[in-house]
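Okay, handing you the structure first.
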Amino acid sequence: MTSTTEAQAAALTGGVHQEIITVEGAGKDYLALDGNVVRGLSPVDLTIERGAFVSLVGRSGCGKSTFLRLVAGLEKPTSGTIRIGTERVDGPPDSARYVFQNYNESLLPWRTVGDNIRFGLRHGHGAARASSKAQENELIQEHLEEVGLGGTFNRYPGELSGGMQQRVAIARALAALPELLLLDEPFSAVDALSRSTLQDLILRIWQEHGLTVLFVTHDIEEALYLSQRVIVLREKGGGVERDVTVDIPYPRRQVDFREDPRYLRLRREVLGLVLGTE
Amino acid sequence: MTSTTEAQAAALTGGVHQEIITVEGAGKDYLALDGNVVRGLSPVDLTIERGAFVSLVGRSGCGKSTFLRLVAGLEKPTSGTIRIGTERVDGPPDSARYVFQNYNESLLPWRTVGDNIRFGLRHGHGAARASSKAQENELIQEHLEEVGLGGTFNRYPGELSGGMQQRVAIARALAALPELLLLDEPFSAVDALSRSTLQDLILRIWQEHGLTVLFVTHDIEEALYLSQRVIVLREKGGGVERDVTVDIPYPRRQVDFREDPRYLRLRREVLGLVLGTE
Amino acid sequence: MPDTIVTGTEAREAERKPPASGIRPVGRARRNARRYFRSRVSGWTLVALVVVLWELYSNVDYDPTISSPSRIAETWWGEATTGDLLNQLTITLRTMAEALALAVPLGVGIGFLMGRSQVIWGLLEPLVEILRLTPATAILPIYILFLGLGDQMKVAVFLTGGIFPMIINSYAGARGVSKILSETAQTFRLSWLQTQREIALPFAMPYILVGMRQSLGMSLVLAVVIGMLAGNDGIGYYLMFAQQNFNLRQLLAGVLTVAFVGYVFNAVFLLLERRVTRWRRSQTGAA
Amino acid sequence: MPDTIVTGTEAREAERKPPASGIRPVGRARRNARRYFRSRVSGWTLVALVVVLWELYSNVDYDPTISSPSRIAETWWGEATTGDLLNQLTITLRTMAEALALAVPLGVGIGFLMGRSQVIWGLLEPLVEILRLTPATAILPIYILFLGLGDQMKVAVFLTGGIFPMIINSYAGARGVSKILSETAQTFRLSWLQTQREIALPFAMPYILVGMRQSLGMSLVLAVVIGMLAGNDGIGYYLMFAQQNFNLRQLLAGVLTVAFVGYVFNAVFLLLERRVTRWRRSQTGAA
Amino acid sequence: GCGNDSPASADPAGTAVPALDPANPVTVKVINTSTAFNVALAKDYGFFRKYGLDIQESQLANGTQVLAALQGGSGEIGYADLYAGINAKAQGFDIKLVANNNTNAEEFPILVKADGPIKSPADLAGRSIALPPVPQHTVNLRGFLKSNGVDPNAVKYTIVQSQSAAPQALAGGSVDAFFGQWIQAYSNEGQPGAYDFRVLGDPDSSKWSNLKATTAAFWVTGDWLKDPKNQAVAYAFDKALHASYVWFKTLKPEQLQPILLRYQKTDLQKITGNDPKKVHNLLTNTQTGPFDFDATQSWYQLGLEYAPDKIQKGVDLRQLVYGSALQPAPELIQPPENPS
């Protein structure tokens, strides 16, 4: 694992505070079909620095996906505003790509796995990454191999196992090389080994390309391992409970990290918050 | 946590070996749309005793879901046979209920959450569980509360968070009170606290009603905590790698169990198998 | 443990704000209807524009075949108040209602069953397709031979003409049931009938409704055509009479009346459709 | 790291076994076609049965109006070999092809755009619905006035009659695009055009194809009707001629030819449809 | 002819058939073609009831459909062209003519644009003429052309089934002339808000056809006639119908005006200006006397000559006509009832 980029270092050390996401009192109330209003997320104030790796944890239904959807411009806040860079979010920002929680429904079922990745490449952020079809196919194959799906280029998503579909969705988002990567429980359907491989893959790409990552997970250890900040949300759309800084330098290593006493202390703290034993 | 039922005790102690599932050389090759044959699961020989709690673990794409689908009669084996009790599986058996890995697609989107549970109740195994509509509604409400969804009776599945949808699917299967419960990564989308609550819920129902549970998970600690046996599958449909007996008596308690040296030994063993470090 | 339910002023406030994609306030038929008609204003403006241009054109260069909107309106008013137009329309609508009362269960039933059972599909497909592709008006003499001149014959022609959109759409809907919902039905051991009622039918409903709306339109058109070929009353006869007497203004007044009545039916049906498929709003990204 | 790919004899063996639900061998058009026709055998048997019963009945109690299958077949053979039937049919099919070449892009385009843009919907809905509910045959004089008696007029009548199934179905398909796929398009920042091409169009394709198949059938029926009302060639004229001559045998031979040609078109179209929506096989539980 | 199978045809006076009792009228289902009001008129003015008939009328678009409906039993007596009857008979339908109804009109209008390039029939050579598909129109059009010195084979024929569309075809320029009806001619001749057409050449139809020939009539099936009661109905029907025509032909334009307004929504005054010639052309081609075999045979021959592909050969008119159609013209009687 290489060291962090400058921007990330800056974000960590508090050098140049360049916000990429600014959330000012943004909250969301849904109007359900039965006529009731459901609190999705209480108004939240928050800034996230460019190049940061931030995780969101909290109980099921606490508003993690809602927060991501607000940032992604897929949902209009019922109060407050959100800015990406200096621009107010009023629709999906150009720089962000989203891996949906229901990954299986977000793949294009009429395209092969390879063509789904092609979709990511062609609709990437910034310049086209391949100049010829052959080069593009090579790139696709690389992306597939990175997530352990080397032999599935010509299969249809409906013919893959759940975890394989999830990895296609991840590979597709990575192929787009966004500035801001929104991941909603992206590893929920993969095994332990794939999970740690993918964790390190995301970390590597984050560092190599200096992206900003917003990461939702139920696995607190994973959140701590990956991120610089872990934001704990309160139950039932209650807003931010605690904003925990994970002050452990990168590179982190799967085994060593889990024995680091700072990690163990943070783990106890965050677990306590989520499990409500604090 | 109460103690195990007689059948379960028998299954554990080897007293009365009454098989519920007998798998004889059953395997599955899929014919993909691109014309290739994909190995779903190599032929497997296996018996599972009535009342057992058995987990399946293995890497993504190793054939866990395929195995469950074979047992559930949703897929015809390309070789071998499977029997439930004494009858050869040739379609979904009367006694089994399945929580699908893609839980979000298996809820009826046109019915409210309450009516989805009603679906489970009405299509349960054995006698009807409610004699009046009012009683039925009460039962539904109880089932919802058990999975922490008390206030969602009149909401539509599309209006719930991912983890909430998953819990609806679990509650629906439990409402059907099957003899054989097939769970495909049923807790993948819920938070740590919900997860342990649900784990204990499943254990309680398993013990109270003497069901047989086949449980797929990527969380090896969860598999060990819940089951009497953990079956480790080989990568890429390679069949059974190891069949591990978890010889730790019930009741088990979340915290104590994880400190049990027998658990720690088994954990190391199974992790090694799955991570391939053995 | 109920979720946070906000009520009172807060709820009302939330509603006033532009609803997020896919989620809209519901259950307020009045407001619904208002929005409903509001959004078509542009289209009606377009129609009005066409009418105005037509009127202007007819002042410059009058053509008796297309007449002019004002004259047609005048004729229409005369026909509606003192003439026979509305009576004949009522008669036609009655026949149509009879035909639809038969065609809807039959069409939806056949299409749906064909979609749900390979055996029924195999058995009925050739017959249904051959009938669908046989022009009813060409073999009208045969209908008349067997069914006479009364409502029976008319209903039969409606059936053979107007039932097919329902068959085809119901078929497509019934066949499209997602794999996992079928499997859910299987693992919950639903009987064949239960599967149809609880899974396939709700799933196919949006398709079925599209088919029904098409059939509604076609049966109205057919009602006119049949009436013109073999009618003794009804709007078709009225139109044929106008045609035979070369009274084109009367003809146009009649045709526009039919179209307008059809439009109202269609709009009502669309409102119903929205109610029945309310749940879809959280599923589709339709604006 | 490729998945286990089994080839050679093993693959062939796997194919011979009954395929699992939803998964079938593909790409072998020949075998496909065989299965395709095999499954309709029962239906064709039913049709044959009807024909045989009709023949038997006509031997007992001959009715010149419905004639008998053997006589119709005889007439058909005579007409097909020495008569005018096939020539006229060709002419009709040519007109139909012209009309469809126009109607398909127009119908699919309008319906699709109406489904994808609220503005276009609002603008066009009233006009489209009014036209849909206006019986073209009733206002034939207007068509003739502006377009004459030639192909132009016929194509226009086809359009106003046969385009609507495509509009309605394409609209329904385009509107039905799932919320999450729309959102996927949004987050990948697809332009409006890209969203239509890469997301909405493939999604709506099954609906669109259903609409096209219906339009195909309707335009065939319309071809006959128009030919009967104002034609100087084509199968409709041929049929009208037969009707005037009281040659009901010729009439039936003609009508059945039309139906059969339509059936073949339809079957070919269904095969195409299966190819285009191949991917759906792992999505739907259709048997 | 050998009328053995229809005994009544040897009994033109119908003496062997008892008259019906007006106090107990027999219900008869009659099928007419669209918009003809002859039957309704005779019924409303009490002619049918006077002869013991209670008529229930329905309408179909053309003679072919009417004959099919008779065959199916949904009507008892139906109206169709002679040629349609001949074709049906030739195709094996067992039908009989029970009351002759029409001759050719004395004049037929061939309409052209008033300011168009066609000034005389000779200009029609190489041009196209719209006409309805019914065979008798082909025969009459060819007759007209020939008697006006034009080679019928030099003209292009364009079928327009929908009668009301023919003026548009002419106005829109897709045909150069059309074979129309007097009502179209008069309502488009210098009328405000109408097309400007005029009648071409010499329209006198006696130049090519025998005006005593029956061109359209009422028909029944042979089966129906087997019942002696129905034979009586046939005789009564012919008498009543012809009696109504005898009376109708005596009416003056001002008497006709309200009748046409009522039955056809046609303003006779406005269309014809009560020009007796125009009124005559619009209304009189109905027959009152017996079926004329020789004249009709010549009309049949003309048909075979001019439209051999549309009219079947070899039908014996004597086998086609029932005795009721041979009854002499009735005396003039005033309408037994008055509907208004």
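Labels A, B, C, D and E are assigned to the chains in the order they are written; within every chain, residues are numbered from 1.
Note that a residue touches a chain if its C-beta (ideal position, glycine included) is under 8 Å from a C-beta of that chain, and two chains touch if they have at least 3 such contacts.
Here the structure is a predicted model, which is why all the values come from computation and not from measurement.
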{"item": "Any chain in contact with subunit A as well as subunit B", "value": "C, D"}
{"item": "Other chains in touch with both subunit C and subunit D", "value": "A, B, E"}
{"item": "Most extensive contact between chains (C-beta pair count)", "value": "C-D"}
{"item": "Distance from subunit E to subunit D - Cα centre to Cα centre, in angstrom", "value": "42"}
{"item": "Whole-Å gap separating subunit A and subunit D, where each centre is the average of the chain's CA atoms", "value": "47"}
{"item": "Inter-chain centre distance, subunit A versus subunit E - centres from mean C-alpha coordinates, in Å", "value": "86"}
{"item": "Multi-partner residues of subunit C (each touching 2 or more other chains)", "value": "3, 5, 21, 63, 65, 141-142, 145, 178, 180-181, 183, 228, 243, 248, 251, 279-280, 282-283"}
{"item": "Residue numbers of subunit E (touch at least two other chains)", "value": "64, 68, 71-72, 162, 164, 167-168, 171"}
{"item": "Contacts with 2+ other chains: residues of subunit B", "value": "30, 32-33, 36, 38, 61, 74, 102, 105, 148, 156, 159"}
{"item": "All chain pairs that touch each other", "value": "A-B, A-C, A-D, B-C, B-D, C-D, C-E, D-E"}
{"item": "Residues of subunit E defined as touching subunit C within the complex", "value": "31, 34-35, 57-61, 64-65, 68-69, 71-75, 162-164, 167-168, 171, 183-184, 187, 193-195, 264-266"}
{"item": "Subunit C contact footprint on subunit D (complex, rising order)", "value": "21-22, 39-44, 46-47, 50, 63, 65-66, 115, 117-119, 121-127, 129-139, 141-142, 145, 164-165, 168-169, 172, 175-183, 206-207, 210, 213-214, 217, 220-221, 224-225, 228, 236, 239, 243, 248, 251-252, 254-256, 258-260, 262-263, 266, 280, 282-287"}
{"item": "Sites on subunit A touched by subunit B in the complex", "value": "30, 32-34, 36, 38, 57-62, 64-65, 101-102, 104-105, 112, 148, 154-156, 159-164, 167, 184-185, 188-195, 218-220, 271, 274-276"}
{"item": "Subunit A contact footprint on subunit D (complex, rising order)", "value": "1-3, 5, 23, 178, 180-181, 183-184, 186-190, 194, 198-199, 202-203, 205, 279-280, 282-283"}
{"item": "Residues of subunit A that touch subunit D when the two form their complex", "value": "72-74, 91-92, 94, 96-98, 100, 102, 105-106, 108-111, 119-120, 123, 125, 145, 148, 150-152, 156, 158-159, 176, 182"}
